[in-house]
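So that we are looking at the same thing, I have put the structure below in structure tokens.
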């Protein structure tokens, strides 16, 4: 029998933190040993997330919590301001950090990598933990090598301010790195309604749909002689990130050094 | 036992005419009695379309063909230039015209209606015989009464010159006739890539995708609290019009007067 | 300026009741005048649903609440056991009932209709308030008259016990009432894996997909010469019923008698 | 400037052969130098496929054609009976074979590989040249490592005899090779209509839809917490194989030895 992985959750009362607590409590291969929150008070972490009492009360101080509970892994979805310091603290205690944020500089990541190496532990920093979204982007880039005619359609709620979405632009960048130079469409094409052909990006088009009821969806369509290939990811809610975090918690036990980007754990 | 409906096909050697000849030969409720073509010569209409000989040779002259074969219905997908005169000829012979074209003036249609009434026969003129496309447009308009947040995405081959497509504009018009006034989206919305939000039409958006391998597809999406409704029509080839023509040939036997628009036969 | 419609919500602390309270508070054409709950205690209805205080505290007794607040409409999503009595009480007070349940007998509906008539008020009892789902079913039945080749695919969460879903069976019934008799598929068709062709219903097939992450989705696909027509409804969460309830609250003000089935309000 | 690749097409008057001839004539990087057919007579290969005259008349004898035209590559979509002998002949002439068939034994492939090696030329034998379908299968297998909850829906014309399709079974096999053991769904699940949950394959389900108007489509759906990932391939016609053949003709110039399976050229 394998030992369970001992997990500490930082920012346990935040929107993402609660989802992480739930996920840890629901996986028999994991055990919650600490839950840190600076705002939620002296209550049981299980009760906080609408589950039975877990026996783990919320802690106020990260360092104390790591010292007394000796976790294998710390999961941190707090603010960009706090995570760098939290990550240093974790590594000092020999605890593997799994961090969801975009706020680190390359120099910070390099430094954290060295610290992880010196303690012989792994770590992960990732801006996106949605396995489905990462697979969509990876497959889209790979398909564009063989089927270079492509368009992207992304769907979000009707109150979103910016178009196109960050994920669609990231997808377009990944495609552009590997796709042959190609200006698609008929050179004499004319729009009778301006904008109907979508936004132009490096030879192809991105279309942004905004409708109430939609959370976040994206479809990448490839066309060729007599066929189309579609890769579509539909995200319905925040909990969609949890399978990625779960995988990260398990994989971070198996390597040494700090890795940036969840996609590098998907071999 | 019901008698078969006797059908004459005009422009039998054209792209649409051949499909009509095939359709008539394949339906046991119909019988081909004449096939007129001014270019294809003295051959059997069945052989012309890759089927066994039908016993009907192509005729050169419409009036002679109608006189000798006494059809119940004439189907005409020839040129806008020719159909008006053909339709007059058919009605004079007491033959019900089923015509696929957009070239008639309102005055011509009114005159042809009177002629049909005076002969106590039915007739049909229709710009679109695709039952699926007509249902899509009808349902889209109806849905927009209850779910006014809507966007249209249409897909065509990458060599198409104009965007958006005629069908998508027709759909947008039908929606606009019944949908409440509504300017969708966040008023502060910004495009970081121009055109990504698509073409603006009366408060909502139309997106035109152009990819090789696609013939003609359209999806109308409605969004509301926690739900989306999608109505999608995929057209793969010209033969998709034939079920509509088939229905028209049968329905035109059951009423008196000239009807404009296939949708009026779909009660 | 039109007067606001005064609404009482019964079962205000239940899962659906909370959504109704939220919906009423968010619509400027409606005003919340009473919220009845037998379990939630003496708190403000707005606070209960995570909104600012509404000035309406939860009431314990329905009859008292209706007497003192004089609502125009009562919305009731409580248990099948309770709704009949609640509905009688509402009508006695001249309050129009909008009820979401399946538990009434035809005799009860008839009796409630007479009572509504005698008080000259409207009422609505409906098993399904999802406008999108009702439109999907309506359009599917209508399309099957013209494109009789049809299959249904429905998607639900992987822990759902029964297959196919109630909505898919209801859709199949509505299709069967209007579609011509037709046994689809090749008569010599063989399944090399049993069940792969789905469940047989009156000549066509129903397929039930069960996957984690899915709430409730259904697609009805029609096939014909060279084309397909798809009608798809995706339901992402419970709140998807609220636009229907909102419409019902407004429409029930405009007619007399008890109507069964929300679709009859969609003319 | 790169030299054009000289191509010979065997079985040039067959359904696939004609598509290959067209494809070669349309690509400026390729030049047609021979077209062999044992049935079509002494006509120009371009005229045969509805294009302008190509200057290449159909040949009757393969060996003579290869001897006089000295092609770089031979493309062969003839019968399983003929291809082995054709492939031997090509290699003897130092011509790279690109062969679309399933009829070879492992021993034959090994022998042909040795012969290619000894002549220092490449060769390819592939049962499926649809790039889109191959990408779909590859991505589906890869996704199942990360999102093990999966179902397959495949769509074909309503006269197809067998269900599920060969491609869906191949996809299910590839998924099973890498996916963790998992019996999906609720163990207490019950079908009220037998077969509605589809065909069972190694813990997951395959659904076969059969409708007129559909050529060949497949969707592989993965579900996880709050998200779904879909990979869909729509094949509209035979010409959909040509981009794969085109790639093969170019890649076969770049390696030595016989490769089995087009997917191995997609690195």
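Labels A, B, C and D are assigned to the chains in the order they are written; within every chain, residues are numbered from 1.
Operating definition for what follows: a residue touches a chain if its C-beta (ideal position, glycine included) is under 8 Å from a C-beta of that chain, and two chains touch if they have at least 3 such contacts.
Given the structure is predicted, the values throughout are model-derived calculations rather than measurements.
*Asks:* Would you say C-D or B-C is joined by more C-beta pairs in contact?
*Replies:* C-D
*Asks:* Going by C-alpha centroids, which chain is farthest from chain A? Tell me that one.
*Replies:* Result for max centroid distance from chain A is chain B.
*Asks:* Same or different, please, for the chain A to chain D contact, judged on whether over half of the interface numbers appear on both copies.
*Replies:* same
*Asks:* Chain C to chain D: how many Å between their CA centres?
*Replies:* Using C-alpha averages as centres, the distance is 48 Å.
*Asks:* Calculate how many whole Å lie between the centre of chain B and the centre of chain C, each centre taken as the average of the chain's C-alpha atoms.
*Replies:* Taking the mean C-alpha position of each chain, the two centres sit 37 Å apart.
*Asks:* Which residues belonging to chain A are in contact with no fewer than two other chains?
*Replies:* In chain A, the residues touching two or more other chains are 213, 222, 224-228, 236, 240.
*Asks:* Mind listing the chain C positions that touch chain B in their complex?
*Replies:* These residues of chain C touch chain B: 130-133, 135-136, 139, 142-143, 145-147, 222, 224-240, 242-243, 247, 266.
*Asks:* Which chain A residues qualify as touching chain B in the complex?
*Replies:* So the residues of chain A touching chain B come out as 149-151, 153, 158-164, 169, 184-186, 188-201, 205-214, 221-228.
*Asks:* Touching chain C in the complex: which residues of chain A?
*Replies:* It is residues 213, 215, 236, 240 of chain A that touch chain C.
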